[in-house]
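So that we are looking at the same thing, I have put the structure below in structure tokens.
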């Protein structure tokens, strides 16, 4: 157990994956020589050489496309999209090939590709540096999508993603990159597809992920002082979603709030709500509230705090649902 | 008076045989007489098969089918030039290359039968990638594969086919540039057949495609795509460069799409027949056959014998295709993930309930 | 009133827009000389010349990007993406610029851009020719998204889209291109943002759009014979969604089914369900059922009918909801 | 021993002034002495302003800021070469061009202040497009705008700036090809500053960027980007071609990024200082000033006077920037749509409730 940042945990996960499997490659823009704009890949090129850890031209589509070709040749690519919005130029390759190739070849060609990207907002970044692209990937059959909320989670999920025979999108909550936590960096813990209850409570369940987990926990503590017992679930695996845990928590608490940074319309909260209705309708005692980013472009730094779900907004939604 | 296809203007392509079949350059490309005969036979089989597929589509046995008549030399010549370890990433129009590379045409045609998409055949076993429809996306696959070969120190290369229209896509550019930067053992093989559906090559780009290679730092060559010996030679040389670690090559094979873009297309709406007539005058099969006959490698009897064999082979393919039934519905769910998540199993059950 | 196909209605709408506004341009792959693979733009180049109606190279990103530049120069572009999946290479331009430019320039530069594409499945097309990309666009703030179900709708929505100061994605249900209907080709009728009840009923409401509208109407008739009174709502405007009509219908019928071709997870049905829960929770007497495509890649032609919502599946879901 | 930046190898760029300021070609580019003086003054102002912005960022008054020290000649020379009706589509690094084109630096810096994104200034009034971060996407905007100019028969052109790294994006390729096909009056202006964050140009592409133009069917030129007169001349010629309906031009201006990629970047992790030293030896301001002095157009006193004015101007900008407060929260909702749908109004109210 040591105090580590998420950046350090991710770096260790990449290091251990490169060590344990010599078919693993790490490439993308600025990940080699400089170690990445967030230093997640720092030192990897020194340790594993520039054949396994290398910089590419600024060509997101070709980065994803090359990973597909490398998979045909038996390599496991871990590629970086430098920021959330910069994955958009690669969408055609990701949707048409990365996600579909295994099915198109009837399982003859696996796509063990990991696409990592710093995601979500909260760091006063410029436009296109604070986007929450999960909907694009979660809606795309054939992909798995995970996002860690702690260093320990980050280590484990990255290792599992790289070892997975299917393509996994890893959304790294950049706002939590530098937050330290006491973490065991190993593979024990919930896997891809498993959500977990990170705070017990029986009056309402907040479903969230990424950087919002920490904020929801604060909101839950604040509510506790006013006698509202809030359960918090870190969904963690956005695709596949852990419908069972979602349904169980609603059956047990009867009320739900979903919190995410992405715009509300067709954000993950819509899917979580739909599954709650499908699986736990009879137990639902109040409408599900969505505390999310708004249906407008991600705002400039000066307004970021007014756009992202705040503790106040979360508390307000919980009170509303509990008081329904 | 027949008008030359516009894309034929500009730089003269490399040639071994003139359209009339006379050699204008050393015709010894390193093939034995029986290999040369096999080359012609593949071209004859390919054309006959292509026409059968169009007939099958008309009869409702295939969905939309993209014919390749006129491109037999470009496909057969390039496919024969590759070694057994080389890997091809095709578009949707390379049935001729596929059969030369050993892909079972019945399996291949499952794609157009509509019974499966992607790679109905085994891409790994045949070293022939899945049919690829999103224009130009397969080029990056070929380059990535080649990067993998280099990492393994393998003495092999990849070849990605694409059309003239595909060169307008960002994917062509990014993949070509990537190949140049990493010196990947990749062949970028453009079949410039003059048209991208209804758009002629001179409206697709104001430059010549082969000249793009310089900007990526590797050689580009324009070859007469209807001259199977020339195509064979330049592809062979590109493969030799790749094997020797000298990096990628861009080949622009000047050919012509004699037929429609696909069975769903009517070229009468945008193309002047006189252009097609002019193109027919440089038919790749006529040309190569004339040279083989002048060299005494084949004669009418040999070809008549082949025609009978080919007829039988093609009818066997037809029987195989028409007997292909729809796969079971659960196949929709069987390969999306290595281990399907709960909701997919549930949806699978939903379908089986009917 | 005349019997026209949707293709003819769309063609007329483009013609009338080109006639009434000389800043309107129509361009894309194969839309000029040949009149489009589905002949939607047939004859336009002859009538308006190849300066206003023209073919482009196969460059979806540049087609969308050029439309942005043309908007700066005061032109209204109507661009075609030849098929649903072929809009993916343009996603970066659409999300980063087409959708955001007005907001980024504080309203100083409008983006009156119409992006049309044949969408959805049902024509035994090859892979990548039967996709339902609406989620990508509906989730993107700054875009409007519409899809007609009849020739009359198609005419009106296309005219309105082209006249709209904001970017509009028009998803043309290719399976209905050739279906004829008695249609008045004019501007009277519900506008962008308005859903409409296309069949009255009081036991349950089916929310759907595009090619599924006709199928849901058939299902509704079949159910009627068994005494189940089904209301059918053609959402038509997928963004903005007509939340008011959705909520009103659920308040009146108490039960709801959503039908679409797109994969279930984060398909539009999720958002419709979430809004129902937010706006009409107390009136909802049964879980909302989603009858959709499955969470797998669009299947080959031979399996298409097993993938798309069938009349049987729709009837089954309605029975389930009504019997709940 | 200082090592030349790698991207300086290869084809010699066009030059008017040698690094020491002596003319190696006809220095008369068609500018009057006072215009030449203005040119130097813009470069001096730009550098001083750039350094102030870096200071402002360090003091927490700006968010991440991308400096352009070393690129003053490329930006000032190209911006001055354009006519009033021409339209610029910049990247995120063209503050120098922006002020030359008349953009208010305080409004421009609202972007880096984080109080607004996109075009805080009026792009139409200034004919300077919004700051563009998604690499290479603005090139298609410039080409589309130019197509619009041609349709209007206007005697004007567009100029899109982009970096060496941007040339690896599919968007560069698609836009350039489109410009070629339509003969659009567009200038594609690449500032090759040797680096794309941590990747040197020779790892970005194995070819020379200017040579790509041939593949698109229009002229490409490589110019010394630290030679303001040469930059002015080639841009002027490109604009003249555009006005005359002769189509696009690709300009590769060889310059150097003296500073970090941005204030968030530490070049020490990937770049050898000796390279920077070598680059400083061809400082664009030193070069031009030396020539102007040798011609007797300026002297130390004049420059000393400018320095005082510039100091005052820059301090005024600083005051303007630091006094910029956060905009009201409702601004988030005011311009997404011309007429906001119900849910946006509702969300607007939600925010105002707090």
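Every chain is named by a letter (A, B, C and D) in the order it is written, and numbering of its residues begins at 1.
By definition in this document, a contact is a pair of C-beta atoms (placed from the backbone, for glycine too) under 8 Å apart; a residue touches a chain by one contact, two chains touch by 3 or more.
Here the structure is a predicted model, which means the values were calculated and not measured.
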Most widely separated chain from chain C, with each centre as the mean of CA atoms: D
Pair sharing more residue contacts (C-beta pairs) when C-D is set against A-D: C-D
For chain B paired with chain D, centre-to-centre distance based on mean C-alpha positions, whole Å: 44
Euclidean distance of C-alpha centroids - chain C vs chain D, Å: 41
Distance between the centres, which are taken as Cα means, of chain D and chain A, whole angstrom: 36
Rounded Å distance between chain A and chain C, as computed from the means of their C-alpha atoms: 30
Residue list for chain B, restricted to those that touch at least two other chains: 116-118, 134, 168-171, 174, 177, 181, 203-205, 331, 336, 343
Residues of chain A whose C-beta touches two or more other chains: 57, 59, 61-62, 85, 88-89, 92, 96, 100, 103-104, 127-128, 141-142, 241, 265, 294-297
Chain D contact footprint on chain A (complex, rising order): 29-30, 32-35, 37, 55, 57-62, 85-86, 88-89, 124-129, 264-265, 294-297, 299-303, 306-307, 312
Touching residues on chain C, where the partner in the complex is chain D: 25, 51-52, 56-57, 59, 61-62, 64-75, 89, 92-93, 96-97, 100-110, 141-142, 144, 164-166, 193, 240-241, 243-244
Residues on chain B engaged by chain D in the complex (per definition of touch): 167-174, 177, 180-181, 183, 203-209, 211-212, 214-218
Contacting residues of chain C [partner chain A, same complex]: 61, 85, 88-89, 91-92, 95-96, 99-100, 103-104, 127-128, 135-136, 138-139, 141-142, 239, 241, 262-263, 265-271, 273-274, 277-278, 281, 286-290, 294-297
List of chain D residues in touch with chain A within their complex: 63-64, 92, 111, 113-118, 133-136, 165-166, 168-171, 196-199, 203-205, 264-265, 269-270, 326-327, 329, 331-333, 336, 343-344, 347, 350-351, 354
